[in-house]
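Below, chain A partners chain B and then partners chain C, in two separate complexes.
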Partner chain A sequence: MAVASATTGLTLPSTRRSPLGAAWRRYRRNWLAVAGLVWVAMFVILGIIGPWVAPSNYATTNFLAANQGPTWQHIFGTDNLGHDMFSEILWSVQNALEIAFGATLVSFIVGVVLGLWAGLKGGTADMIVMRLVDFMFAFPTFFMDLILVTKFGRGMGPILFAIGITGWAGYARLIRSLVLGMRNGEMVEAARALGATQFHIMRRYLFPNVMNNMIVALAFGIPGDLTIMAGLSVVGMGLRPPLPSFGNMIAAAGGNVLGYPWLMYFPAGIFAVTLLAFLFVADGLQEALNPKGGF
Partner chain B sequence: MGIVRYLIKRLISIIITTSAIIAVGYTLMNLAPGSFFSSTSIAGEMGQLAVTDPKLVQQYEHMFEARYGLDQPLWEQILKYIWHSFTFNFGNSFENPSTPIMSQLHTAFPISLELALGAVVLAIVIGIPLGVVAALNRNTWIDQVLTTVSLGGLAVPSYVLAVFMVLLFGVWWQNVLPVNGWGQWQDAVLPIIALGVGNIGSITRYMRGSLIEALRQDHIRTAEAKGVRYWPIVIRHAMRNSLTALITVVGPMFAFTVVGTIFVEQIFSIPGMGSLMAPAFQADDFPLAMAEIYILCLLVMVMNLLVDLGYALFDPRVKLE
Partner chain C sequence: MAETLLAVENLHTLFERQDDVIYAVNGVSFTVAAGETLGIVGESGSGKSVSVLSVLGLLRGSGRVTEGSAKFSGTELLRLKRRQLEDIRGRDIGFIFQDPMTSLNPTMRIGDQIMEGMLTHHYAGRRAAFKRTVDLLAEVGIPDPLSRFRNYPHEFSGGMRQRVMIAMAIACEPQLLIADEPTTALDVTVQMQVLSLLQSLRIKSRMGVVIITHDFGVATNFCDRIMVMYAGKVMESAPLEEFLQRPAHPYTIGLKSSIIEVGQTSRPLKPIPGTARPLTEPPRACPFVERCTFAQSACREQLPELRLVGQDHWVACLRAEEVMGHVG
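On to the complex of A and B.
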């Protein structure tokens, strides 16, 4: 934090350095991470206002204007049903963000609860949770997503739930190992020797340490869930049309790319850049919050 | 622990895990709404028939359930399925009642395996040199370009790459490489690249990190002090350690790649496991879907076992446990 001195007009480095400020300075040095953050922020804003600024509803079709290339009226062109691709993309952003953030949050909550339980309780609880984690890691959870989505439908809720409920194992394992490492660490031992209560130790020592790692894990989790969500569409089990999603557009474009390539440029391009942006942000956060490495 | 005891332990854990996957999957597929009869592939015909002759439809459903053993209690079905899965006897699918599932998978599985193995091998062959170059030029522009590009490769999923490749080789550079079908060796090139790019990214990043770490070790400094030349240090003293540990990255990569084959096969119209799986799920044809999942999960687990064995073989410090 820089403090401007009133008398000299010079900028002096503050004597008090907050850890967040230091992290932000480290983050700013990575220009790709900053660019990623700008794109993600734009994406989130578009996700919120998208449905209002979209020229038409996602379900609006116009057969007279089907399969048109980009024009001033339809700047991203139209698909085989005459959907305005620009509107489709604006609506998709919202769906993608809702599912990605929602599913990551579900995974996170389940993972934190199970991981804390295993790490703090130990014994049987630890064994049960770790066997479950081993089970989830033994096979690709995408198959479980497929089964869940087949059974519970291809709406927003079921897909969010399916991706969320199968993605918790990594968070649980991370939290557990952090808790175990901290519990037996010197810092906590010293605090306990000084008479700190369990709650105080958790709030002042456990939580800040775990938090940095969790933020990084969450940042990596969101693009992962976006990838799974679109992957479901590629196998034909994504959001049921006419609900728009990037996966649906990419899958449809894959079949039409020879005749109507513009159907692919914008959805696939924006999706790829978005995943990149999220990953650059996650990478930047990792460097900023865990300069020593870890996770 | 002896290798035989270790193998037995791992095989038992594979059996337990696959059985659990079957039990969970089977229960889910049976439990919730939706069945083969309400799926699109058959609902149209059955719906018409239900109006004109509801009794016949009921009879048909009973026969269907009896034929596939769906009239038995769920736990019995599951136990039977697990038992038969040991001998890879998955019966017939709902969609193709006359062909056994195994004969369908028999042609599809080698194709998917070839793609997955090809992608992993490609990643190892390209990823290791890239990682070494990045590590030796650490914090220069070469390193920055390589780490950024490999992060990009990790970020962009195989299906997006595949779609771009179809555009590139199907529209712009026609007749260079085929973008559709299966039969000649050229057909495998683009799918393997689409699958491999992400893996190249993760191997490059891993190799860079572990080599930088290895070059910081004390024995490297000792070797330098003794006057060992640059390349022998890098290759013999530093890279050996990172190469053996690389095996631990390849294991999880396999799971990721096997899922990737499903997407890539869809886009390049390759008759592998993925092209069977998508319609199976869409039609609620769960015998076929379950068998596919079982085989692919088994493949991932066997590959992980081989990876662990290889790790212990190459690195004498690793104990099999």
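On to the complex of A and C.
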């Protein structure tokens, strides 16, 4: 591995080999991951500045310019209500990112708390949490999302909450298994022999050692949550129009894809590339943080 | 004799499993004095590690102590609360584990890990702990300690990691150091270095040391006193000289004739016949009887107690005198 090569020659190995630095070096070697990161970074910047640079508001319609192909004025064309598709996409980026990071973070936090608790406590606590996890895995979560969105409305908040609260089972199961594997391991035993308290062991030993795996799992979760969000739109339960989202645009374009194909090309293309970019980033993180293979 | 540091008496430990119970330690007693090195020898599963882990409350899983006492400088360890034990572990009693490859935290710098013990036990403030860590690294023989302080465990070799473990164990100047198979995971050449390091540290600080090992060579080279365990019981315990000159237990003799000595090619190795008995019930007869060449019918009927057969020489065998005569 990289460590061995650092000790060649007579000079002492550099002391600047922080784990983050090493991870970044491994990450950089994967050009797809770097490309993905560039796209994600652009996406994030667009998400922040999109509403300001968009030529028009997402709700602005213009019936005199409906169903136009790409022109210099509307570079991505317009839809049947005369929405400028370029503006729609710029506004959608923000919503997509809020779901991508927000919902995933909600799942992550719920999963980590429950999984850590189950793994450390064991016994009844473990039993209850893991049966709950089994239930979440057995029950179609998309259906649960639909129920929740139907109940609480089709705004950003309810959708974020619904996707977040149904997606934690995988994180819980992963962190529980990692903690179980370590809880009785020699590292923890050695720490206990040094007089470390349980809280200290959790904070300085267990948590940092499971974080690599958890971050990778988090990164893989993001494209999944984006897909669920778009899926809700496709079945008609996504963000309520005129709020823009990639799912809404794709779903609307599906009806007359033969007549106005550009309405499908641009949103679907950008959305697909974004999903791929997130996957490449996750894959790169996997390689960078878990060089030995990980979960 | 120097003052007694650790006095374990009649310790019993068992593990409850799904369908049966493992009687791992069945009435073990021993003492360690300041400046003394005790070697606990025995084959795998003889209860060496478990008896020491029991004393420090480090048993894993379903293990628990059912009987006995363990006094450390007069304090009964087995009755302490978890918090009080945590205070003693690492501060008054240092511990070195078998496998330095898996015992260090891969996400922490070497130096931080060594400092950690001192900070938890309020042995020193941050600055003082840092200074002492650098000194400790130098003391255990790590070159360039200042820059090595910032390394992670994966940048160290096995021997160096074991040195780090030793530095962690002695950071708070414990009175007692327990080393559980400290050299088993290391190369033979590194073994000697680590053992002589332990030896010199012991002489410098007058710590009591317990070395748990299945390597007879390690025990006879570095210990003042040797205790042989089998099936969770003490078979024999004697000062080194006495132990080497006049072994009094058939198991000890079996152990000694089953090691390879360098330069001795003519003597055939004599392995002890049979395998260790399962520990699913407490021993009622001599646990070694099935494998013993000296066994008599009496050996199957009663449990031999430890008795004195020489200068501070204890043995648990009904026919110890004959065994000694036979060899001598």
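Points worth noting:
Criterion: the second predicted complex is superposed on the first by the 280 of 295 C-alpha atoms of A that agree within 3 Å, B and C clash if a C-alpha of one lies under 4 Å from a C-alpha of the other, contacts with A are read in each partner's own complex, and residues count from 1 in each chain.
By definition in this document, contacts are C-beta pairs under 8 Å (C-beta built on N, C-alpha and C of every residue); 3 or more make two chains touch, one makes a residue touch a chain.
Every value quoted in this text rests on a predicted model; they were computed, and no experiment measured them.
On the shared subunit chain A, the superposed partners chain B and chain C are arranged side by side without overlap. Of the two partner chains placed by superposition, only chain B is touched by A:Ala268; chain C is not.
By the document's definition of touching, of the two partners only chain C reaches A:Asn209; chain B does not. Applying the stated contact rule after C-alpha superposition, one finds that A:Gly181 touches neither chain B nor chain C. In the overlay built on the shared chain, the residue A:Phe135 is in contact with chain B alone; chain C does not reach it. In the overlay built on the shared chain, the residue A:Ile147 is in contact with chain B alone; chain C does not reach it. In the superposed model, A:Gly69 makes contact with neither chain B nor chain C.
Within the superposed three-chain model, A:Pro223 lies in touch with chain B and out of touch with chain C [touch as defined at top]. The wider contact with chain A, measured as residues touched, comes from B rather than the other of chain B and chain C.
When the two complexes are laid over each other on chain A, the CA centres of chain B and chain C sit 100 degrees apart as seen from the CA centre of chain A, to the nearest 10. Overlay on chain A (Cα): least separation between chain B and chain C is 17 Å.
Interface of chain B with chain A (complex): residues 17, 20-21, 24-25, 28-29, 31-34, 148, 151-152, 154-157, 159-160, 162-164, 166-167, 170-171, 255-256, 258-259, 262-263, 266-267, 274, 277-279, 281-282, 284, 289, 293, 296-297, 300-301, 304.
Across the complex, chain A meets chain C through its residues 3, 6, 12-13, 15, 17, 19, 184-187, 189-197, 200, 204-205, 208-209. For chain A in complex with chain B, the residues that touch the partner chain are 32, 135, 138-140, 142-144, 146-148, 150-153, 223, 227, 230-231, 234-237, 250-251, 253-254, 257-258, 261, 264, 268, 271-272, 275-276, 278-280, 283.
Against chain A, the residues of chain C that register as touching in their complex are 56, 58, 60-61, 83, 86-91, 95, 97-99, 102-108, 116-117, 120-121, 144, 147-148, 150-152, 154-155, 165, 168-169.
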